[in-house]
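Presented below are the structures under discussion, each in the form of structure tokens.
Here chain A shows up in two complexes: once beside chain B, once beside chain C.
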Partner chain A sequence: MTPSTLPGAHSSSTLPARLTRRFLGTGSVLVLLAAWAVLTMVTDTISTSRFPSPLQFWQSTKQIVTVGYADGTLVGHALHSTRLVVLGFAVAAGIGVPLGLLMGWSRRAEALINPAFLVIRPVPPLAWIPLAILWLGLGDAAKIMVIFFAAFVPAVINTLSGIRAIEPPIIEAARMLGTGRWRFLSEVLLPAAAPMIFTGLRLALQAAWTTLVAAELVGALAGLGRVLNMAQQDIYPAMVMVGMAAVGVLGWATTRLLAEVERRAMPWLAH
Partner chain B sequence: MANTSQRPLSKLEALILGVIGLAGFLGIWLAASMSGYVPRQFLPTPFEVLARATYLLTAPFAGATLPMHLARSLERYAYGVALAASIGVPLGLAMGLYRWLDDIVTPVFDGLRFIAPIAWVPFAALWFGTGIGGPIMIIFSGAFPPCLINAYRGARFVDQRYIEAAQMLGTNSLRTITEVLLPASLPSIIAGLRVGAGLGWQSLVGAELIVASAGVGYMIVQGQSNISTPTVMAGMLAIGLVGLLIDVALRQMEVLVRRARGLA
Partner chain C sequence: MSAIIFENVYRYFTREGKSLPALDGIDLTVADKEVVALVGPSGCGKTTCLRLAAGFEVPTKGRVTVGGQPVNGPGPDRAVVFQQFALFPWKSVEENIAFGLRNQGVSASTRRERVSAVIKLMGLEGYETAYPHQLSGGMQQRVAIARAYVLDPEALLMDEPFGALDAQTRIMMQEELVRIARVNPRTVLFITHAVDEAVYLADRVAVMTRRPGRIKEILDVRHVRNAERWNDHERIEDVMDLESFVHLRTHIWRSLREEKIGVAP
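Moving on, here comes the complex of A and B:
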């Protein structure tokens, strides 16, 4: 079972069952693509001013890759967006995970920090966008601030609940053996909470992407969100689709990258 | 010595620390905006934000008062989430029952899943306009995946014997779904609705920032372009509070359902 299939998916163990599965899966995608081509290019049932044809999609892809669109080529925009996501995510994880560890380590710290956290937590990350623009303008700093708020909350919460979920006997055993502070943190708490921490990071990464796209749609000087925004203003559906596809591919790629990191960081878990 | 205290604090101690923490948070905020290092216009005090919020309860900004903006937002939100639940849940249950449907839908679903709901904004505006249709589509695309996934997962984990018993007794597919799968997977479905409702609320805010002409999201964007930081923060406060209320209500429902099932 690949990680991309739905949880609890029908397990098809026999070869014919697997083949049927693959056949139906590829079949449905192919049928959809064929229907797209026929409806937009042959029968004109779907107006191409509202939904692009495959040919237009291809031409727009070629245009943005070679000539460029919205002041940059596809690679340029994608690099710009990816860099911001990575920066914001790294800052959020770098502060959020230690903060979650601290709150999990000491009930006092948790009681002290939690109320302030509870005030910030219900505000959706996207609602920070106007404030970020007011404070930092349309440049990169505002984007990083918004991504930080999006990724920070899941990083803290999951680290905290990861530590809370450690079975008391494990902690008691480490204590009884007189484990030092540092070893206790690095060899008991972190490994035991690692699966939850990575779940939090995955959620944080997804939130980071969503928020960045929204922030760039509201106002940006470069990036995939700006491509979408320009294409919307130019009423250029094919370019909208190229932008969406790029967002999807990059979101998928970064998630896969994190899954790979996760696999290497926790070799004791069978995947 | 490792001092991770798994023992909870006493109620009094937790309360005192909590009050100190909150006071510290507000104190730092207040000090920062009073200090004069940051322009007051861009960082109003907590009191100014509260005052602005109460003012907006009765005075219109960007065409409507805060309650009227909230009403517009909630209307869109209700349509979007209801649509997501009424398509996602039955589809998820049916995918749990029929393997062929699962095989057909899953690849398409997986392909679309990585596109952030907010990236649908340009198409939503193009297809359904910026009134109510466009934002509803964005809310739908945010709330739909958890509804589908949880209904599917719930249906998959229903004990196969119940389904076989129903089929042996000649129950047709529709009744199998409504009278066997739906009740058996209700806890999972409610959990999915809660996640979906949260994501839907986020998507609503995003949609209103970009493509709406009324609603709280629109209000804060207008506050931003008028450089009225108190309005932006008052709007964020309202968005956070309503989101919290929605979550609390659905969490309560989840507890009730689980308790009725003897799960909690």
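Moving on, here comes the complex of A and C:
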């Protein structure tokens, strides 16, 4: 652990200190951008046939936004991919969280479900891609199935361990207060496990993006993975980088959105 | 009438196939509106006694009744105050206190009335919408006591309720509890390892033997308190200075020390 990451290292959060850190961060990005421009466009140290220059990157971006690439514009591909991630994530969370709650709530449900779950769990999500394509073709359904298997596992596991981690006195207090079954689930177990559930959802969202891009690389009719795949076949590194940047921005944006939902869902954790 | 009665209660735990006795024939009655403090060496089973009355555990033999009813699982008629508060961190002070009443189906207007009365009693005005983590330990335990009191329970079961508090807060809370008990007397079983606290708060102090726990002796503090007019003194330190207080405390200390070094059979 470096000194700057030690707890309390950020205690000097005076305004000038924060501004200095922000300046340092912006500075390092600017230096990298400048180095990229110089190495590709001025000194030709890096061959632009392997690694595009900032100018090529910009031109490719303009091309895919206005004219389009791989049968669609950037917005079209991005919407296509985002829609699949959101759908697959929603189905996985919608089934995984209640299933984790059920397993945490009832030992019998856990005994029933856990063995099947333990069989699925060690299979890497990407290994489902061939089966998904065989069963469901290159369309949306196959992608949603693969995302589901990737996002489902962390959603269940973290919900379950969130419930397991509840302090016994909290459960005993709820019982002593005569809490009914439904209210016990919705007002005790669910909020008590909420921080862990959201940790699971963050992991699920990351897994959803990873597997979607992989599934689209293997075969897709639209989406950012298809952009990446086509650009590779066209030996078009600038477009590959545009696709990568787009996936990065979308992944970041959806994670931010989830963090905002998390913040609003657990107001008691705010300081 | 809401007495807590232990009738020849045994409790065994099984560990690695072996049966270990924790309680070895407890006979104890906490009379209606009486405060009984249970003291004993650590591991003697005093908390187990409280958990049996609360319904978190069942006796291996014998029975526990509260208000004439055999204990059958936890319920709001036997409110528990936990050492670690056990408040719901996701609920505000008000919501924590009102939760038990909601479970009982008490109407919203009655609920508001009773919650605000107990908030006033416990000196929690102004903190209604705060979350537990925003409060000090002492304030959190006030909320937990309010949550128990608001249920108007037959019995209050307090498991080392001030054990997690610093010394000063602890003394304040002890005085507070005496004040509340005068306004609103309850049947209380109070677990503690602090002898001072037991003598100051209880009508009777029951001393337990070391494990397997039995009741070794019961001291009638109320008798001494009334005879020596302890209640004329506002402050805890003045009561603790009285010869009669010191005498009782020393007696219990000796009794406990015997258990620790194992003079007892």
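Here, the second predicted complex is superposed on the first by the 251 of 271 C-alpha atoms of A that agree within 3 Å, B and C clash if a C-alpha of one lies under 4 Å from a C-alpha of the other, contacts with A are read in each partner's own complex, and residues count from 1 in each chain.
Convention: a residue touches a chain if its C-beta (ideal position, glycine included) is under 8 Å from a C-beta of that chain, and two chains touch if they have at least 3 such contacts.
Not measured: the values here are computed from a predicted model.
Once the two complexes are laid over each other on the shared chain, residue contacts for A:Gly137 go to neither chain B nor chain C.
Of the two partners chain B and chain C, more residues of chain A are touched by B. Of the two partner chains placed around the shared chain by superposition, chain C is the only one that A:Met266 touches, whereas chain B remains out of contact.
Once chain A of one complex is fitted onto chain A of the other, the partner contacts of A:Val218 are limited to chain B, with no touch recorded for chain C. When the two complexes are overlaid on their common chain A, residue A:Thr179 makes contact with chain B and with chain C alike.
Legend: residue contacts after superposition of the two complexes on their common chain; A:Gly94 is shown touching neither chain B nor chain C. Under the contact criterion defined above, the residues of chain A that touch both chain B in one complex and chain C in the other are 174-175, 178-180, 188. The touching residues of chain C, counted against chain A in their complex, run 54, 56, 73-76, 78-80, 82, 84, 86-91, 99-100, 102-104, 131, 133, 147, 151. Contact residues on chain B toward chain A in their complex (touch as defined above): 1-9, 13-14, 17-22, 24-25, 42, 99-100, 102-112, 114-123, 125-127, 149, 152-153, 156-157, 201-202, 205-206, 209-210, 217, 220-221, 223-224, 227, 229, 232-233, 235-237, 239-241, 243-244, 247.
Across the complex, chain C is touched by residues 167, 169-170, 172-180, 183, 187-188, 191-192, 194, 266, 268 of chain A. Residues of chain A touching chain B in their complex: 4-10, 12, 20-21, 24-29, 32, 50-51, 104-108, 111-116, 119, 122-131, 133-135, 163, 168, 171, 174-175, 178-181, 184, 188-189, 209-210, 213-214, 217-218, 228-229, 231-232, 235, 237, 240, 243-245, 247-249, 251-252, 255.
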